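Next come the structures, one after another.
There are two complexes below, and they share chain A, which is joined by chain B in the first and by chain C in the second.
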Partner chain A sequence: MYSWFILFPLLSVIILNLPFRGMMNKIAIWYALALSIAQVYLVLFPVNIVMPFLQLNLNADIISRAVLLCIAIVLFVTILSAKYLIKKEDKLFNFVNLLFICLAGMNGVTLVTDIFSLYVFIEITAVASYTLISFYKDKDAFEAAFKYIMLSAMASAMMLAGIALIMLISGDTGFFAIREALKVSPHSSLIVFAIAIFICALFIKGGLMPFHGWLPDAYSAAPAPVSVLLAGVVTKTLGIYGLIRIMVSVIGFDGPLKQALLFIGALSIVVGALAALGQSDFKRMLAYSSISQVGYIIIGLGTGTALGIFGAVFHLFNHAIFKSSLFLNSAAVESRLGTRDMDKMNGLASKMPVTGITSVISCLSAAGLPPLAGFWSKLIIIVALWVSGYRVYAVVAIMASVITLAYFLSLQRRVFFGRIKEDSMNIKEAGIGLTLPAVILTAIIIGVGIAFPFLRDAIKF
Partner chain B sequence: MYMTQQSMLLCAVFVPVVGAFFLPIAGRISLKFRNLFALGLVLASFIFSMSLLPVALSGKSILIARQMGMGINLIFLADGLAVFMACVSSLISAIIILYSFGYISHYDNQNEYYSMVVLFLGSMMGLVFSANLILLYIFWEITAITSWRLIGFFREKEHVLRADKAFLVTFFGAVVMLIGFISIYQTTGTFDLTPGAISNIAVLLILAGILSKSATLPFHTWLPDAGVAPSPVTALLHAAILVKIGVYVFARIFIATFTVSAFWHTAVPIIAVVSAIVSGGAALVETDLKRLIAYSTISQIGFIFFGLAVGNTMAVAGGLLYILMHGFAKAGLFLCAGIIEQNTKIRDITKLGGLITTMPVTAMAFLLCSFSVMGIPPFGGFFSKYMVFSGAISSGQLWTSAAFLIAAVLTILYLFRVFNLVFLGEPKTSRAKEGSFIMVASVAILTALSLLGGIFINYPFNFVQTIVSNLSGIIR
Partner chain C sequence: MNLNIFILIAMIALALWTVMTRSLLRAAIMLAFTSAIISILMFRLNSPIAAVFELSVCTGLVSVLFISTIGLTHPSVKEETFEHMVDRLRKFKFLPFIIIGMGMALGLVAVKINLQLPLAEIETDARTVMWNLRPLDIIGQVIILLSGVFGVIILFKESDKK
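After this line comes the complex of A and B, so read on.
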């Protein structure tokens, strides 16, 4: 069944661009919405459809399914906001096509079982996202996309080199085969080098400190729906899911590697949070916050325990939800005020109540306040760190959540929670295309947060 | 209608928690309906808590437990301590909401105000009945979120900054406390409150959370700053409920559940006495009325910690009684300050004077509540203070008790100074009128409760005695 997750979006691109395109123009957006809902449904309630032709070697464990779910949810809200924000019909049509390519790529990344296919799907997604970032062809966006391409190209080269070296040792690219081959001589310098460059490449794709240079520009210069998609799932799937998959299925956890992950994770958490504290551009603050939150995922992964990995994947899911919601809020504010400079805003909650409330809830979830979803994932990561003996990292992670709360409170204070300025008295709430998705995401945050103790048994990680 | 005690316990918590989210909808129907609905929710919570009283008085407890895995279980426990705290909190909240009808009626964002106040009370109820550390932490943080919104209620830039400060300081304390909880989890394998010994480092970490929530030195600075909030909010947060969370959790964790090393029975009183004297001194020189009362709260919280920490039956009973008496009297003082502030638009006590001629009821209420805070018989405050001192001296804490006497004298000094400056002497402002009927009435109720609590001291006294005598054997 899982091959449909890759093939269907690709087929859709072809179908949409067949000669009778004029008719397709109108339905493309609804078609995309239906597809994302179908993906949510199929992930939650898998159906076993046997495919007589085209046997792809795919596998979906609980981690893949969690990521597939994120992809579908974030795609859904991206499409809703794009429908509202992109007014021209043929532009919207192009946008939907690019989204389909992105979707095929991301679904591929989550499902493949060999590192070469992983590389291919990462590249497919990356190419689609370069185009998406520079969708409006303005100067900032080109610059950001260029930066992203340059760093990504480097990552690709490193990844390919790593794959070549691993091939040399194992003679195969399948996860299982490599795993077996690595067991023979796990500490030869060639293997260490191959793994190191492969993982560094994934760090670049995931935008971790100190490889994050492209990320704030890309997130803030991209069109609003694209920021939602990029921050919510693209970098998470390419870099972070890729890393989790490689660690869990291929390399396994050993001492120095765990230390490296923990260190990079802690560095990203602290530096990202401190950098976010100093931003006055709404989207840039969110971008740095992304770097910081990704650090939590990596630090959870770095424990190497089942609990830590569970926390990491759960935080990946939560991050996709609350960060998408916050980017939607930033899009709502930008669409009404025409600026992203937080110092030019104040007290918008009184004029934009839905955006205000959803942003408060998303911010608090990101800072890890109960009873919201973000609290549970952070709690699990910190418990995992503490129990496996990495107490210093646990303290760093928990103290950084105070900084997280500090910058989100400063965001709230500057944008929403205050007295409305004279010149923005006539601001109205953003349209339903931006508020409805935010409300849906907020409902997920609250629902998951309250139901988590009850859900936990059902997940069976 | 017949209800099991378990469902009454759940109702006491979840009627206000869930109801809070319907208040904005009620506000669309009619403002009056919303106000009464808010009051009804809090009163319902009070009545449900009171209905648990007979069980609690008989020394038994009610337990609702659901296993959830990972040590995070849903456990609500209603024992004497919890029911006592729940009754005190919900009763004072109900009076404060009544006062809000008058105070808050001419400001924006009333829907948010009422739902946050009710949600705050609801999570307070959840907190007192929680018997699992994570559950307790969840409610602890909900109170922090709601007080953040309430302190920044007027939305001036400076107010929001101070709300952020309060939120950050208490959040910092809370996450430090969470580390302490996790270290307990590591040794016991569960977050449930199960009796046992805990390490000194866990005590230290949890204490940081408690001191930050109860605004005790060195985490006290957010409390006076938070005085910018509307007066009913300051009464609610700073006098009656929020700051008592720390005290309650102290009693719950360190007295009722875990055994801590003897070192803390001397260390905590020392922290408390420093806090009490320093803030008492600060209150003596402060000129902003609400800040002054806030400093006074910090100082009085020191007495409560003192009573609870010396670990002697008499002193612990005194500490619990202190929570009750201080709640009534200090809420009364804050609400009086609210009436003065609203009718004169001045908070600087050196610019006020002679208000007794135009605000006789407020003046009397202020004076009588002050008597209770000072500890003058026959007011309730006298008995609690007496019991704390008597218990402490009988367990040999002579020097700390002597130091606390200084704090007690300071209390008398600064409260008389305020009364003198604000109500006596020549009027310095244009004629300020008395507060609206409903506001004055709520202040009068609190004053009456302070006085009656002292006259009929045997009822609360017996109650706290029962609680204390059962404290050792209540937890599963």
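After this line comes the complex of A and C, so read on.
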């Protein structure tokens, strides 16, 4: 059944590029919306569709399904915003084709059970992302894409070297075979080196401190729908989910590795939050905030306990939702004011009430205020840290939450509250293509936050 | 010195030429030659299937993609190209020596690896490898090529290019 998560997007690209291009141009966007809804449905209500001619070695546990759900939701809102922001029909058509390729890549990363296939699908998503970032061919976007390519290429080389060494050790690239082989000689210098370079490569792909050099430029220079996709799911699937999968299914958690994850996670939380505090560009602040929030995911994973991993995956889901919503808000503001400089904005909530309200709710969820979804995931991570005995890291996570609240309140004050500027008097609310997706995401934030105490026991982790 | 060492040196020389030359077209051709030499190495190391893939995909298909894309760009003037190349050669003249030196050092230093290596099971039938063992990677290759094609269309072929 899971094969279709990769084959459907691939077949979609082929079908859309068959003859009758004029008709395909018109239906492409609706087709993409339907596909993302179908993915949400198939994740929530799995249907066993057998494919007799091609057996792909794929598998999905609750972690994979949570990520597949994130991908589908963020893809849906990305398509809605792209329909509103990309006016030319043929550009939109090419954009949708690249989205399908990205979707196939991300679904592949989520479902594979083999470390080399994981690398192949990470590369597919990364290659499509380079083009998506430089979609409008402006100078900043090319520079950002180039930085991303350079660092990503380095990460790819490290991953391949790691895979080659792991293959030498295990004789196979399947997760299960590697796990069994690692048990035989777990502390060989070669194994430690192979694991270290593979994990560092995933850190680069996920934009964690101190490997984050490409991320703020890529997020801020990319077109708005691409920023939503990148911040929402691309980096999270390639780097963070990849790391969770490798830790859970292949390497396991031992002392030094847990300490390394906790340290990198805490460093990302604090430095990302402090860097966000000093930004005046709306999207750059969100980019640094992403680095900080990803730190929470890594620190949760670093506990190595079921509770910590659950908190990490839940925060990954929540982050995808609230950060996509915030990037949509920034796109709405930029589409009306023509700038991302927060010093040139003020009091926009009265003119853009939907954007203002959805932005407040998303910011509060990111800061971890009850009863929103972000509160629960942060709470679980902090509790997991506390009960595992990592109390210093728990305190760091709590303190950084205060900094998160500070920079998001600063964002709200500079953009949406206060006295409106003279030249902003005539602006109107952004179009439905940007407000509707933000409303949908905000509804998910509130819904998950309120329903979580009742759903908690139903989630089998 | 056995033949593999000569092949390795040729590969390093071509790879360096690929990154040092200013002409994109020449870089693409040199990359194709580098891939071809890697394929020879793979054949010599008893990995015929990997060698065939390297030769067909990296030397063939990817080079075609590169060269057709370069055909859509505007090359810089000859003097500028030459200046860039000289500048780069001046900056990185030590690079070949560093790479060869590192290779020799790694060869000389006997790193003790505390490992129990399993015996690799090598499947020699290409059909079995492609369709029974690694179908997912074949699909991955198709998708990554599509991704490259759309990259070329969007960045080089669309009419409003800057």
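Assume the second predicted complex is superposed on the first by the 461 of 461 C-alpha atoms of A that agree within 3 Å, B and C clash if a C-alpha of one lies under 4 Å from a C-alpha of the other, contacts with A are read in each partner's own complex, and residues count from 1 in each chain.
Just so we're on the same page, a residue touches a chain if its C-beta (ideal position, glycine included) is under 8 Å from a C-beta of that chain, and two chains touch if they have at least 3 such contacts.
From a predicted model like this one, the values you see are computed outputs, not experimental measurements.
Legend: residue contacts after superposition of the two complexes on their common chain; A:Ile6 is shown touching chain C, with no touch to chain B. By the touch criterion defined above, A:Leu80 reaches neither chain B nor chain C.
Which of chain B and chain C touches more residues of chain A is settled by the count: it is C. Contacts of A:Ser188 after superposition: chain C is touched, whereas chain B is not reached. In the superposition on chain A, A:Ser134 contacts chain C only, with no contact to chain B.
When the two structures are aligned on the shared chain, A:Ile124 is found in touch with chain C, with no touch to chain B.
Contacts of A:Arg413 after superposition: chain B is touched, whereas chain C is not reached. In the superposition on chain A, A:Val248 makes contact with neither chain B nor chain C. By the touch criterion defined above, A:Val402 reaches chain B but does not reach chain C. Chain A residues in contact with chain B (one complex) as well as with chain C (other complex) do not exist.
Listing the residues of chain A that touch chain B in their complex gives 346-347, 350, 364, 367, 369-371, 375, 379, 382-383, 386-387, 394-395, 398-399, 401-402, 405-406, 409-410, 413, 417-419, 453-454, 456-457. Of all residues in chain B, those touching chain A in their complex are 68-70, 72, 74, 108-109, 134, 137-138, 141-142, 144-145, 148, 152, 155-157, 160-161, 164, 167-168, 171-172, 175, 178-179, 182-183, 185-186.
Here chain A touches chain C in the complex through residues 6-7, 10, 13, 54-58, 90-91, 94, 97-98, 101, 104-105, 108, 112, 114, 116-117, 120-121, 123-124, 127-128, 130-131, 134-135, 137-138, 168-171, 181, 184-185, 187-191, going by the rule given at the top. Within the complex formed with chain A, the residues of chain C that make contact are 111-121, 135-137, 139-144, 146-148, 150-151, 153-155, 158, 160-162.
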